[in-house]
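The structures come next, written out as C-alpha cells.
Shared between the two complexes below is subunit A, which has subunit B as its partner in the first and subunit C in the second.
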Partner chain A sequence: MGDRLRLSAALVAVVVLTALVAPVAWPLDEQAVDLAAKLRPPSWAHPFGTDEVGRDLLLRCVHGLRVSLLVGVVAALAATVVGTAVGTLAGALGGWADRVVMRLVDLFSSVPHLLLGIFVVAMFRPGVWPVVASVAVTHWLSTARIVRAELLSLRTRPYVDAAISGGASRWRVTVRHLLPAVLPRAGLAAVLMVPHAIWHESALSFLGLGLPAHTASLGSMAQAARGTLLAGQWWPTLFPGLFIIVPTLAVAGLAGAWRERLDPRRRSELAL
Partner chain B sequence: MSALPWGAMARMTGRRLLAAVPVLAVVTFAVFAVAAASPFDPAYAGSSGPVAGRDVLDQVRRNLGADRPFAVRWWEWVTHALAGDLGDSATLRQPVSQVIGERIGWSVLLCGVAFVLAVVAGTVLGVLAARRRGGLFDKAVTALSYMLEAAPPFWIGLLAVWLFALRLDVLPAGGLTDTGSDAVTAGQVLPHLVLPACVLAVTQLPWFVLYVRQGVGDALAEDPVRGARARGLGERTVLLGHALRSGLLPVLTLIGSRVPELITGALLVETVFSWPGIASATVEAATSVDFPLLAALTVLATAAVLLGNLLSDLLYGLADPRVAHEGM
Partner chain C sequence: MLELRGITAGYDRRAPVVRDVSLTLAAGESVGLLGPSGCGKSTLARVAALLHRPDAGTVVVDGTEARGWRHRAPRAQRTAFGVVFQQPRLSADPRLRLRDLIAEPLRATGAPDGIGELATAVGLSDDLLARRPHQVSDGQLQRACLARALALRPRWLVCDEMTAMLDASTTAALVSVVEDYRRENGAGLLAVGHDPVLLGRWCDRVVRWTDLAPGSGPTGGGQAGRGM
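This part shows the complex of A and B:
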C-alpha cells in the first residue's frame, strides 16, 4: 500500500512536471516540419519516431500531454464546481429543491456521456471551450450525488443541531458547518475526474470534434495517425495512447490511497 | 423456485414506460434548446450555403421552419415523430427513420456479440481471480483490467487493426464486407465482425472482471461458504454452488445499467472500424451538424439507456426476492 502510494505519487509528479517544465526547459517547436525525415521509426534522434510531415513525436506527445492535462484540469474543476453547487443546493435545502435536483441528475444520467458531449461540441463548433463545457455538462453528476449524500448525513450530526439551535441561519450553517466537511470528498472526486476529462477530450479530438487537428493533443494525434497506421507505421498511434494511460493509472492509484485515508473501513478497491 | 411475479413485473414495466415519457420529452426539448442557442445556421447544412444569396438562405430557413421559435419547432418535431416521421437527414439525403432502420441492426449485432463476450470472459476471469486473491493470476488480471480501463477504446481498436489486419493479416481492417463485393452474406460479415466485437468486448471487460472478482471474493469470505467448507464440501461445489450464486447475482443484475458505457464504446469502435451502424452515423451527423439525424439518435440512445435500467431493475427483483418490484 505504501509502495503503491509512493509509486503513484512519483508518476503523477513526473507527468505534471513533464507537462509544465519540459516545454519551457527545451523551447523546441513541436510544429516544426521536416519532410526529409518523415515517418522515421523510433531512433536515438527521435525516440518516438516522426509523423507524416517529419514532426518529432516525443515533442508532440509532451505538448499534447500539456494540452490534454490543461483541458482536463480546467474541465474537471468546472464539473466539480457545478456538481458541488448543485449537490449543496439539494442537500442543504432538502424538500422540493432536493427532488427537482435529483430528477435533473437522473435525467442527465440517462443520456450517454460521450453522446451528450458530441452533441454539445457539434452544436458549438469544436474548440477548447466547447470541450471544457461538454465535460462539465456531463461529469458533474457524480460529484453532485456525493456532495448531496454527504450533506444529508451531516445534517443530523449534533454539531449542526447545536449551530441551528444557537440561532445560525441556514446559509451560515451551510457555508460554515456543512461545506467544509464535504470539500475533501469533492476534492477527491475532482482529482478522480481529471483522467475522465482527459479521456473525454481525447475521444472527442479523435472523432474530429475536439481541438483543432493541428494542435498537438493526444486524441488528435491518434486521429492523424490513422492514415499512416494502415501503411504499417505503428509509432504515431502507440505513443499518444501510452501518454493517456500513464496519467490515468497514476491518478487512480493516488486517489485510491487518498480514499483509504478518508475512509479506512471501506475495503473495496473499486473506483467510486 | 416459486412462480415468477409476472403481475408485479408487468406493473413495474408499465410504470417505467409512463415515467419515460416526460424524460424523453425533456431530453428532446433540451436538444432543441441547445440547437437554438448554438451559433450554427441550419440553412447551411448540406446545402450550397456559402454561395447562395441572402434571399435564397432566407427562403431555405423558411422552408426548414428555422425562422420560428424553437419551442414551436420542437412541438412540431414531436407530433411528427409520433406519427413515424423523424424528418430528413441533410447529409445522407434520406429520411432519418430510414437511416436508423438500415443501420440499427448492425449496431445491435455488434453490441450484442461484444456484450455476451464481455460477460462470459469477465465472469470466468473474475471468478478465477477471486479464487485466490492476492495470487499471481489475480495480480496479473487486476493489473491488466486497470490498464484496459485506462486505455481509450479507439487506441485499442487502432492497435488491433495494426496487429491483426496488417502484421498478421488474418482479419479485415474494417467495413462490413470486402471491398468490391456488394452482397452482404454471413460469410462476408462474420470475419468483419470479429475484430470490432472483440475490441468492444475488451473495452467493457475490466468492469465485469473487477466486479465479479469483488463480488465472488467477498462471498468466499462469508459464513455460508465457511459453513460449506466446514461440512467438507469440495472446492468446486463451494465455488460454483455457494460463492458464485451469492456473489455473481448482484453483478449480473447490474448489466442493464452498462448500456451508456456500451454506447460510448460503440461510438468509438464503430468509427475506427467503419462499421455501418447508428453509432458511426451519430459521429458523421455530428461532424456535419446534421441536426435532424443527431436529434433522433440522441433520443434513441436515451431510450436505450432507460430500457437498460428497466431490465436491470427487473433482474434485480428476480434475483433478490426481498426487493419488491412495487416500490421501483
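This part shows the complex of A and C:
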C-alpha cells in the first residue's frame, strides 16, 4: 500500500515536472519539418523516432503531454464541480427538486455527448478552452448521478436525524455531514474522467474541431499515426500511447491511495 | 406537555405502520413505550421528535402545534428534543471526533462551545474524546450520542432503544445520566424499548403498544423503509 502510494506519487511528480519544465527547456518549432528524415525508427538522435513529416517524436510527446494534461485535468475538474453541484442540489433537497433536476439530467443524457461536444466547440475558434468546455459540458452527468444517489442514501441515516434535532440547517447538514462523505467518490470519478477527456480531445481534433492540426497533442498524434502503424512503423503510435497510459495509471494509483486515506475506517488500519 | 393525537404514519401511504395512535406525556413525565420489533414504535418516536412527517394527526409540543417536520420545523421546536437512537454506529458521523460530535449541536446553533461538563457527565475521558467513532466501542459511542442529545438542554428526551446494543453496566450508567439530567432540568422522556423490566424500573409509566394501537399488529420486517 505504501509502495503503491510512493510509486504513484513519484510518477505523477515526474509527469507533472516533465509537462512543466521540458517544453520550456526545449521549445517546439511547430513548423519544423524535415522530410528527408521522415518516419525514422528510434535512434540516439531521435530517441522516439520521427513522424511522417520528420518531426522529433520525443519533443512532440513532451509538448503533447502538456496539452493533454491541461485539457484532461481542467475539463475533468470542471465537469466534477458541475456534476457535484447538480447532484447535491438533487440529493440534498430531494422531493420535487430532485425530480426536476434529474429529468434535466436525463434530457442531457439523451443527446449523444460527442454531438453536443461538437456543437460546443463549433461555436468557438479552435483552441484549448473550447475543448475543455466541450468536455466539461458533456461529462458532468455521471458525477451528478453518483453524488445524488449517494446523498439520497446518506440522508436517511440516523446521524442526519440527530443533526436535525441538534438544530443544524439544511445547508449545514449538507456541507458538514453529507458532502464530505461523497467528495472522495466524486474525486475518484474526476480522476477516471481524465483519460476519457484526453480521448475526447483527440476525437475532436481528429474531426478538425479540436486543437489546430499542427499543435502537438497526444490524441491527435496517435490518430495521425494510424496509417503508419499498418505499414509496420510502430513508434508514432506507441510513444504517444504510452504518454497517455502512464500518467493515467499514476493519477489513478494516487487517487486510490487518497481514497483509502479519506475513509476513516481504513485510516486506523493504516495507522496500526 | 407532549401530545400525539391520532397519528397515522409510515413509509408508504397505502400501508401505514402506525394507525391512529394517540399518546400524551405530561411535562416532566417519563413514559416507556413497550412493543415488539417492527410494530411501529420507533416510527412514532420519530414523529414525536418531529423527524418524520405523519400522514395524519397532530403533534403538540408544550402547547404549540407542530406545523413542519425535519428541516421545516422551527429550530427552537426541533431542538426541544434530544434524540438517542438504537445503533450508535449509524447515529454518529464517522468523520467527526467524539469531541466534535458532542459539540456539533452547539456549533450548529451558535451556542457557546463547551462540552467539558457533558463529557464528564457521560463518563468520557479526554483520550476518548479525541478519537473517532470507529476507534471506540459501541457503549462509548452511545455515551457520546447521549451527550450530544443533551448538549442543547432539551425539554424532551426521545430514547429509541437506546440501550438495546449495550451491556448491563453501560445501560445502567446511561439510564442514570438521563435520570440525573431530568432531575436537574425537569425534562420529559419518551423511552422506546422491548424490555419490560428495564422500562418498568426506568419510567413513571409504561405503555404497551398493543393497548395504544389495538388495530396494528407487528409488520415483521423491522424498521421498514429506514434503509438500514
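The definition used in the following text is that the second predicted complex is superposed on the first by the 178 of 272 C-alpha atoms of A that agree within 3 Å, B and C clash if a C-alpha of one lies under 4 Å from a C-alpha of the other, contacts with A are read in each partner's own complex, and residues count from 1 in each chain.
Here, a residue touches a chain if its C-beta (ideal position, glycine included) is under 8 Å from a C-beta of that chain, and two chains touch if they have at least 3 such contacts.
Source: prediction; values computed, not measured.
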Touching partner for A:Ile244 - first (subunit B), second (subunit C), both, neither: first
Of subunit B and subunit C, the chain that contacts the larger number of subunit A residues: B
Partner chain(s) touched by A:Thr156 [first = subunit B, second = subunit C, both, neither]: second
Which superposed partner A:Ala203 touches (first subunit B, second subunit C, both, neither): first
Partner chain in contact with A:Ala181 - subunit B first, subunit C second, else both or neither: second
First (subunit B), second (subunit C), both or neither touched by A:Ile118: first
Partner chain(s) touched by A:Ser165 [first = subunit B, second = subunit C, both, neither]: second
Which of subunit B and subunit C A:Leu230 touches, first, second, both or neither: first
Doubly contacted subunit A residues - partners subunit C and subunit B: 268
Touch list for subunit A against partner subunit C, complex: 153, 156-159, 161-170, 172-173, 176-177, 180-181, 264-265, 268
For the subunit B and subunit A complex, residues of the former touching the latter: 23, 26-27, 31, 34-35, 37-40, 146-147, 150-155, 158-159, 161-162, 166, 173, 210-211, 214, 259-261, 263-264, 267-268, 271, 282-283, 285-287, 289, 294, 297-298, 301-302, 305-306, 309
Residues on subunit C engaged by subunit A in the complex (per definition of touch): 46, 49-51, 70-71, 75, 78-79, 81-83, 85, 87, 90-95, 104-105, 108-109, 132-135, 145, 148-149, 151-152, 154, 226-227
Subunit B partner contacts - residues on subunit A that touch it in the complex: 106-107, 109-116, 118-125, 195, 199, 202-203, 206-209, 219, 222, 225-226, 229-230, 232, 234, 237-238, 240-241, 244-245, 248-249, 252, 268-270
